[in-house]
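Next up: some structures, all given as structure tokens.
Common to both upcoming complexes is chain A, partnered first by chain B, then by chain C.
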Partner chain A sequence: MPALPDLQHSFMAALRGGAEDAVLAAIAGDGIPAAERLAIHRNNMVLTLTDSLAGVFPAVRGLVGADFFAACAAAFIAAHPPRSGTLIRYGDRFAPFLDRSGMAAPVPCLSDLARLEWAWHQAFHAADAAPLAPADLGAIDPGDLPALVLRPHPSARLLSSPWPVDAVWAAGLAGDAFDGTVDLDAGGVDLLVVRPALEVEVRRLDPAAAALLAACAAGRPLAEAAATAGTGLDLAAALAGLLAAGAFAPFHPTNQEHLP
Partner chain B sequence: MKANTLKSTLPAVMVASAVAMAVAAAGTPAKAADKEKCYGVVKAGKNDCATANSSCAGTSKADGQKDAFIALPKGVCEKLVGGSLKPMKKG
Partner chain C sequence: MAGPRAPSDPPLAPRAGIGLKAAHVREVVAARPDLGFFEVHTENYMGDGGPAHHSLEAVRRDYALSLHGVALSLGGADPLDGEHLRATRRLVDRYQPALVSEHLAWSGAGGVYANDLLPLPLTEEALDLVCAHVDRVQEALGRAILVENPSSYLRFTHSTLAEPEFLAALAARTGCGLLLDVNNVHVSAANLGFDPVAYIDAFPAAAVGEIHLAGHHVNEFRGRQILIDDHGSAVGAPVWNLFRRALARTGPVPALVEWDTDVPPLAVLLDEAAKAETILAEARRACAA
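Right, the complex of A and B next:
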């Protein structure tokens, strides 16, 4: 018998379509030939991972249909099998794969739609946290505000796309029930994906507000982040919108690192 | 970028007044008081112990992959209008 790591490596290679001889020798036939058992296992792997991806990217699937999605998923699974035993982590490279493989060329907004769905998935599984309460921000000494570091909520993700990808998302989720059209020429969007409580929310942000949150996420103090966001920024309106969306993490009750 | 030692910042008084306005305007973020979290619920397709397929598909030795590359998607994407292959400038 080969050593276990060798057997595992050749098993994985065979599942990905490589040589089967070393693995077949280790499989007991018992009524069903070893090669068929391996084929059944390989088929189950592809189908299960395809189902897993369909659960993470329902709008992509709804947009392009089940057959095209299955073809994309099969190609992705062959190129990028899971690296973790936890399927929740599977699919992070799906959007770049759609770009790189050229499979999404007929639908140019498809990879950004996949990015939005991955951001939704990440927000869904992010750590729970009550968002920063406006009153807690109001309680900060005004003299400390310019140097204040506002951290994004653990679930918050920013996505910028040259397409109206939120409208495409809604159409894809509706699937065959979608009765309308999406105008791809409607222009780009900056989206905030965040889960302030139990529900994941997708909101459009003003580009300057998105730049403000991105600068905060990079650890910049408020006065500097506001300057970074550009002259188009209405700081009061942007902060009010971000606070209402639950985009900021609460201040730590004892760790005062947000203060200068 | 790092060579620039003078960091651009907004004047403190503008930051303070903007924060005061924002706090007054933002109100309280919505609370999910009427919902409770169901622990242990896994999204469909994420339970890797179970075969999520019918026993028919589960015991099939046929490859799950389609033989022919499906070059054109069918589905809702027919309802996307406009949008050349070259992405437009964001606006």
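Right, the complex of A and C next:
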């Protein structure tokens, strides 16, 4: 009779494709082979985790089809099984896995599409906050603006891709495999994924605005962030656009850490 | 060891409820159907914010809530996941559910989570472990939980306790309540070859704080059936009969209709809940008689 920790370790190993003998020896057949009984749990692990990933990456699935997606998911689950029962956090390594495993090779933009969907998923579940409003910025003494630290909204994620991955995303959600409607040579995009209220929004940013937001997210004061963004930046226009998108977090009411 | 505690505080009325599905939230909030409560999977609300919480807040304003966890791994030989337990506590504090429940199962080992409710050998060793984990969970949450009987696809040859006996000892030692899933009883009885009615009759009725009802899928394996607890169809006639049999012993208790895959329109779930409500009303009359 195996001790419980040993039994559970053997059982998990068997669920993940390892040796079954020790576990099968402890299972009663009762008319159905023990291996068939164990297989129900093995299938359940892969199928339910595949469903979970399909919920997070619907456009990847739509783009490559259910069968190829299931193959990618099964390989990912084998290589990177969940480490906690909070499945909301499962899938962060899917995009890098698609690159590293070579599974994305037939569809070069696939891992960037997975990155976009992971950003969308994170934005969906991020902490709620009313975004910084233009009036909040207007209330700052102009002399303090250069040293002002603007923090990104808790839901905000930036994504850069050499592909028009937002168009690919829309096609994938519609379940259209490459049918000629997406021009992959249309050039790269800088995307802001953000949820200022209840709806997640995916917007294109011009590269200078994206660089400004990235520098702000890195904690740079506004003047320094603007310098990082380069000569192509129209600071007033970029700030207005980012504020309108809800890209910044509100100033914390109880401290003034955003001020110099 | 935890002392005896009421399974729910404040007590939940012995009425029918349904699982809350994202696709139904808008209709529920607008139409406010006459139901005893809604149940949700705790893990689906472990994000920091967003539409899921927004919807649950809206539903909670009008209804009692049951938080049903699927990942605490009460039967896991690994230590409980402290972060998962703290996340559960935050949800309990935020939503003040009438019921909090989990499963007699384990969910992973060696730091890998299987996303399945895996079977335990029913031994004194497992009983001690589950009791210790239930004590710790009840301590952390500051309240009693309900523990649900599993749907089983296999049994271990070294089990020494019958499941009702195991659950009775768990309830007696920890003060936890029990969630009797009569569909699981039906599924396990078919898969393991025991008499579901005898199981219901042996179940520690006084500890039951909730009953679950659901549909299951029938698979064929070389002329033998294996029932899969997929919560993807209407409640079957044998399961309604087990529900009546159970209520005759427990008296009226909150009853939930679960439907988690191939989710139908809200009206279908409300019909199922109405059937459960009719049977609960019979049980109330029988109690009063």
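Rule of thumb we're sticking to: the second predicted complex is superposed on the first by the 242 of 260 C-alpha atoms of A that agree within 3 Å, B and C clash if a C-alpha of one lies under 4 Å from a C-alpha of the other, contacts with A are read in each partner's own complex, and residues count from 1 in each chain.
We adopt the following convention: a contact is a pair of C-beta atoms (placed from the backbone, for glycine too) under 8 Å apart; a residue touches a chain by one contact, two chains touch by 3 or more.
The structure presented is a predicted model; accordingly, all values stated were derived computationally and were not measured.
A.B. asks: Between chain B (first) and chain C (second), which does A:224 come into contact with in this model arrangement: first, second, both, or neither?
C.D. replies: So A:224 only meets chain B here.
A.B. asks: Between chain B (first) and chain C (second), which does A:74 come into contact with in this model arrangement: first, second, both, or neither?
C.D. replies: Touch status of A:74: first partner only.
A.B. asks: Thinking of the overlay built on chain A, is A:206 touched by chain B (first), by chain C (second), by both, or by neither?
C.D. replies: neither
A.B. asks: Under the stated touch criterion, which partner chain does A:48 make contact with: chain B (first), chain C (second), both, or neither?
C.D. replies: both
A.B. asks: So, does A:175 touch the first partner chain B, the second partner chain C, both, or neither?
C.D. replies: After superposing on A, A:175 lies in contact with chain B but is clear of chain C.
A.B. asks: Now for A:63: first (chain B), second (chain C), both, or neither, which partner does it touch?
C.D. replies: In the superposition, A:63 contacts chain B only.
A.B. asks: A:143 contacts which: chain B (first), chain C (second), both, neither?
C.D. replies: first
A.B. asks: Quick one: classify A:3 as touching chain B (first), chain C (second), both or neither.
C.D. replies: second
A.B. asks: Of chain B and chain C, which one touches more of chain A's residues?
C.D. replies: Touching more residues of chain A than the other partner does is B.
A.B. asks: With both complexes superposed on chain A, which partner does A:133 reach: first (chain B), second (chain C), both or neither?
C.D. replies: In the superposition, A:133 contacts chain B only.
A.B. asks: Identify the residues of chain A that lie in both the chain B contact region and the chain C contact region.
C.D. replies: The answer is residues 36, 40, 44, 48, 52, 85, 87-88, 198 of chain A.
A.B. asks: Could you list, by residue number, the parts of chain C that touch chain A in their complex?
C.D. replies: 43-44, 46-54, 70-73, 76-78, 81, 83-84, 87, 106-116, 118-121, 123, 125-126, 129, 153-158, 191-193, 221, 224, 226, 228
A.B. asks: Inside the complex, what are the residues of chain A that reach chain C?
C.D. replies: The touching residues are 1-5, 7-9, 11-12, 15-16, 26-28, 30-32, 34, 36-38, 40-41, 44-45, 48-49, 52, 81-88, 124-129, 154, 195, 198.
A.B. asks: Please output the residues of chain A touching chain B within their complex, sorted ascending.
C.D. replies: Interface residues on the chain A side: 36, 39-40, 42-44, 46-48, 50-56, 62-65, 67-68, 70-71, 74-75, 78, 85, 87-88, 105-110, 131, 133-135, 137-138, 140, 142-143, 145-146, 160, 162-163, 168, 171-172, 174-176, 178, 180-188, 196-199, 207, 221-224, 226-228, 235-241, 243-246.
A.B. asks: Show me the residue ranges of chain B that touch chain A in the complex, using the header's touch definition.
C.D. replies: Chain B residues touching chain A: 7-12, 14-32, 35, 37, 43-46, 48, 51-53, 57-66, 69-77, 79-85, 87-91.
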